[in-house]
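Take a look at the structures below.
Below are two complexes that have chain A in common, paired first with chain B and then with chain C.
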Partner chain A sequence: MNKKYYPYVLIAPSVLFLLLFFVYPFLEVFVQAFTSSDGQVGFSNFENIFTDYNFLPSLKNTLLLALVVVPVQLCMAIGMSLMISKMKKGRDTVLYILTIPLGVSDLAAGIIWLAILDQNGFLNSFLFSIGIIDQPESWLNYQNPIIIFAAVVVAEIWRATAILLVILVSGIGLIPKEYYEAAEIFGANSWVRLWKVTLPLLRPSLQTALILRTLLAFEVFAVVMLLGGSNMPVLMGETFNWAFNYQDTGAASAYAVVILALSIVFTLFYLRVLRVPKGARI
Partner chain B sequence: MLKKIILPILLGSSIASASEIIFYSTQANPLKEADAMRNDVLIDFDGTVKYLPQEAGPFFSRIQAESRTNSVTLGVLGALHGQYPQIKDSLDTVDDVIAALPSVSENATITALGKLGGDHQKYIPWMQATYLMAANKKALPYLPEGANINALTYDQLAQWGQNLTEATGSPKLGFPAGEKGLMHRFIQGYLYPSFTHSVVTDFRSEDAHKMWAYFRGLWKNVNPRSTAYNLMQDPLLTGEVWVAFDHSARLKGAFDQKPNDFIAFPAPSAKYGRGFMPVIAGLAIPKNTPDRAASVKLIKYLSEPNVQIKTLKATGFYPMVDVALPKDLPANVRIAGKAIALQANAPDALPSVLPVGLGNLSGQFNKVYSDTFQQIILRNADIDSVLNRQAKRLKTLINRAKAPCWAPDKESDGPCPIN
Partner chain C sequence: MTTITVENIKKSFGDADILKSVSLDIKDQEFTVLLGPSGCGKSTLLRIIAGLESQDSGIIKIGDRVVSHLPPRERNVAMVFQNYAVFPHMTVFENIAFGLRMKKAPEKKIKENVERTAALMHIDHLLKRYSGQLSGGQRQRVAVARALAVEPDVLLMDEPLSNLDALLRLQMRAELKSVLEASKTTTVYVTHDQVEAMSLADRIAVMNSGRIDQYDVPDEIYSNPATEYVGSFIGNPPMNFISPDYQVGTIPAGATQLGIRPEDFNVSKEARDNYWPITVLTREKLGSHQQLSAELNGQLFRVNIPNEIEIESGNTLYLMPKEDKKRWYTEGGKIIL
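Up next, the complex of A and B:
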């Protein structure tokens, strides 16, 4: 076989896989979202979900969650990656430890945090044993929506900061040392070097990391389901409910299309805001 | 042993599956119950059965997918009466099987339910249960004066809840309002019938308004963790909740583990009587099943009186056939059995069945009731505006399904009206 075909042959299996298990279902979802239960093409599924009382709360919760979680994670990940890239010894070990939560499935992460925060959980027993509370307190109930939200935020930060970290660590490694040396010669202190050298040159990595993380934030599901249940509806949870509990695939597909639309809008936003002019690429 | 366990492992599942009946069920899904089904109930069957319990959503998906692609592998289906309408078109007619089971067809009302509103038998009644109340004995001294626990009214229940809160400092009533809890059944089969003598027609009536206002008041004495409860046996056992409502199979653990601590009693009554909802599970055969004779054999086996008693021990669901219960039954059967009989035979008993004609809209039908509950009770929305909005949704669903009224609503020609 001609050598120039090798790359195509090698990539063919994964392309086929994606076509079969990603593109095809994706198109199917699109068709279903715009087909009503009696087979007519139109917006009836969207009308159905937009008039549902859980739609606005779930949209609000999802956006708010992304808005709180992503910036916090970004700052933490930048800080952690800067420290790691300065380390001489044990760098890999630290990186491995920090990325452990990444290997835990989100459902398992939800269970872990539920075991901590639940009325019979570790936090309650701890506070009880040191005498701060007299009896187990129930925090995660419908009377405390803010606490549920905070619990989800903490769990999400614990679970998914590492994905930003990994991308940023490799991004920092790509920045040539010469820029720092030049900056030092001109008398830039470390703060100025961070703002004028590291962050601007880290833009492509930041872009990737932010797009990836924000899209994942729109798909948040298992952690919320465990910690909040029906007290904190999110888009992905509603999609699941419509598909399985209410047995309406059309409405579920409409939800999926809404998530997709949000994802596209935010991706375009990041591409625009964090774009790197052609002449400025490393 | 050799035939049932070792050989299939040695030969691999592909060979085993040739003669194996797949028993696919939404019931006896918890690990312990599934285990008991395999090791106690199905073990003596002459043939190989693979018992596969499944959640309702994936259960329907698989049956629909298999029937659509015409490659059916399932042998026998086990599901609730209210779940069958969604897969009605994938079910084989079992007129021949019910004819061969006089001990089951004796109960004509329940057997008729198995026709799913059509002319032919679609499922064979398998086992039955109901929802009832359970209480920790510690709660009994706080019963309101003059109240009879076996003939409680909803007002007395509310008073009891308040007495408990005052005495213990925390709300002690509990409802299964969690993600997988059966709260909607309490609203459909207990609250609505008792307060309005209706489920659909009087959805937003004056009586319904009063009912929600009553329930909002009662909810002040309900443990706020209720929205996390799926099975009430757990909070009863931990003592978070002293008085609870749930499905008999979901209270079973509490009665079995601490038989001396808990009692069961009938649901309360209101203006129109003591609304309650019997739960019927049935066995069906999918169309184009690989070995229909074997499936029929399994259904007949499961209807045998001694197997029905084993099923009762395994799942907490009561026999469909008339059978004398032995003395060595687990505690839950002794405790709940009496309350179930009291509830069904109460002078003001008002039974209501699960909706039949809703097809695959029954999930959305339940959603109307749980959404109404969430908005009025948990999010404190205005009762009338919520009822009006939800009534519109209910109307759309009923009209789409063209479902006529069912008990306790009055019969209707055409779709059940909503006033």
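Up next, the complex of A and C:
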């Protein structure tokens, strides 16, 4: 066989795989979202979900969750990555330990935090044993929506901060140390160096990390399901409900399209805001 | 008045003693070059003066101020780095303005200084560009302009020309010399290139594994190398060191080596009294003169002779070192004055 075909032949299986199991279902979702149950093409599925009483709360919860979780994670990840980059010994070990939660599935993460916050959980037994409470409290019930929200926030931060961390650590590693030295010589203290050198030069990594993390935040599901159940509807949970509880794939597909639209909007936003002008890269 | 005083600076990394008690007195407005091969400690010394590295012991003074324990930003020094370190996310203007902005200089002064230094370095048409859009030479100019714009007490340069190609290096060298002469800033310049050192320096400190062997004006360094090391490091080809066995006339007490520059021989094609018969091994024509590698009883050495003398490899040539150019060295490699 002619050598120039080798690359195409070698990449063909993965391309086929993607076409079959990603692009085809993806298009299928679009078709279903815009096809009503009686076969008409139009927006009836969207009308269905938009008028559903759970739509606005789930949209609000998802956005609010992303709005709280992502900035907190970003600040934590920046702080942690700066500290890790300064480490001379044991850097890899620390990084491995901090990334362990990434290896835990979100369902398992939800179970872990449920075990902590549940009525019979570790938190209650701890508080009881040191005498702060007299009897186990039910934290995660519908009367405490803020506590449920806070619990999800904490669980999500615990679970997924490390993904920002690894991206930022590698990004910081790419910044030559001469820039810091030059800044130091010309009068910048460490705070100014962070704002004038590190963060601007880290823009490409920040962009990648934020896009990735925000999109994942829009897909939050298992953790919310376990800690909040129906008390805290989110977009992904509603997609699941429509697909499997109400057996309405059209409406579920419409939800999926809404999530996709949100993801695209935010991706474009990050691409725009954290844009690095031509010629201004390292 | 900005003198720099380096007193007994010591520095080691692990087991390696990088600087073994180095002292230097740099005069106001003087251009000092730290010269030496890689690993001799010259960059470390510069970084200690800058405050980027801390000394194990010893004192650095800038003017009358002891700065040894101050962070770089409180030393009022400026530095030009080997790989320029021009911030990629700022325009040329912002790069040059960086130091002034850090000092919270008024906007008017910032604009004035940036424009003045940019014009001086011939980059005034590039102020709106980013460094990614500049060539290496242009980036180097930005780095120098950035350093000059803050009007520092001391200008430190760490092999600023070594990343440029040969022709550009020559041009930048001449330009730097005139710009720095005009700025009258006390300058410390690190290089491993002896030609750069000879052409730029008011005084050269030749460094040899963590020590300064000689600190003097370029002419003295060239004609009276204080040690064998300096003689063999400076000059291309370096000074010849020959055992004095063949020498007629007086040999100073304690002298074990005769140091003589390749161009400091009387040359004859016929045998003469007191001339050494040498065998020519190779001859290289270098345009302005020819360079011979020659041998005398197993000792190799180099001779520069005028183009007029016709000679082939394998021929015998007769040499005598010029009396006033002879330098004598002790067993330990020190010059005998």
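Here, the second predicted complex is superposed on the first by the 269 of 282 C-alpha atoms of A that agree within 3 Å, B and C clash if a C-alpha of one lies under 4 Å from a C-alpha of the other, contacts with A are read in each partner's own complex, and residues count from 1 in each chain.
Criterion: contacts are C-beta pairs under 8 Å (C-beta built on N, C-alpha and C of every residue); 3 or more make two chains touch, one makes a residue touch a chain.
For clarity, every value in this text was computed on a predicted model and none was experimentally measured.
Contact with neither chain B nor chain C is seen for A:Ser263 once the two complexes are overlaid on the shared chain. Of the two partner chains placed by superposition, A:Thr99 touches none, neither chain B nor chain C. Residue contacts after overlaying the shared chain place A:Ile185 against chain C, while chain B stays out of touching range.
Within the superposed three-chain model, A:Pro176 lies in touch with chain C and out of touch with chain B [touch as defined at top]. Once the two complexes are laid over each other on the shared chain, residue contacts for A:Gln119 go to chain B alone; chain C is not touched.
In the superposition on chain A, A:Pro200 contacts chain C only, with no contact to chain B.
Across the two superposed structures, the residue set of chain A contacted by chain B and also by chain C is empty. The touching residues of chain A, when paired with chain C in their complex, are 176, 178-179, 181-189, 192, 197, 200-201, 203, 276-282.
If you check the complex, the residues on chain C that touch chain A are 50-52, 71-73, 77-79, 81, 83, 85, 87-90, 98-99, 102-103, 129-133, 146, 150. Contacts from chain B toward chain A in the complex involve residues 55-58, 60, 86, 178-179, 223-225, 227-228, 238, 240, 360-364, 366-367, 370-371, 374-375, 378, 389, 400. Those residues of chain A that touch chain B in the shared complex are 37, 53-54, 119-120, 138, 140-143, 225, 229-231, 243-248.
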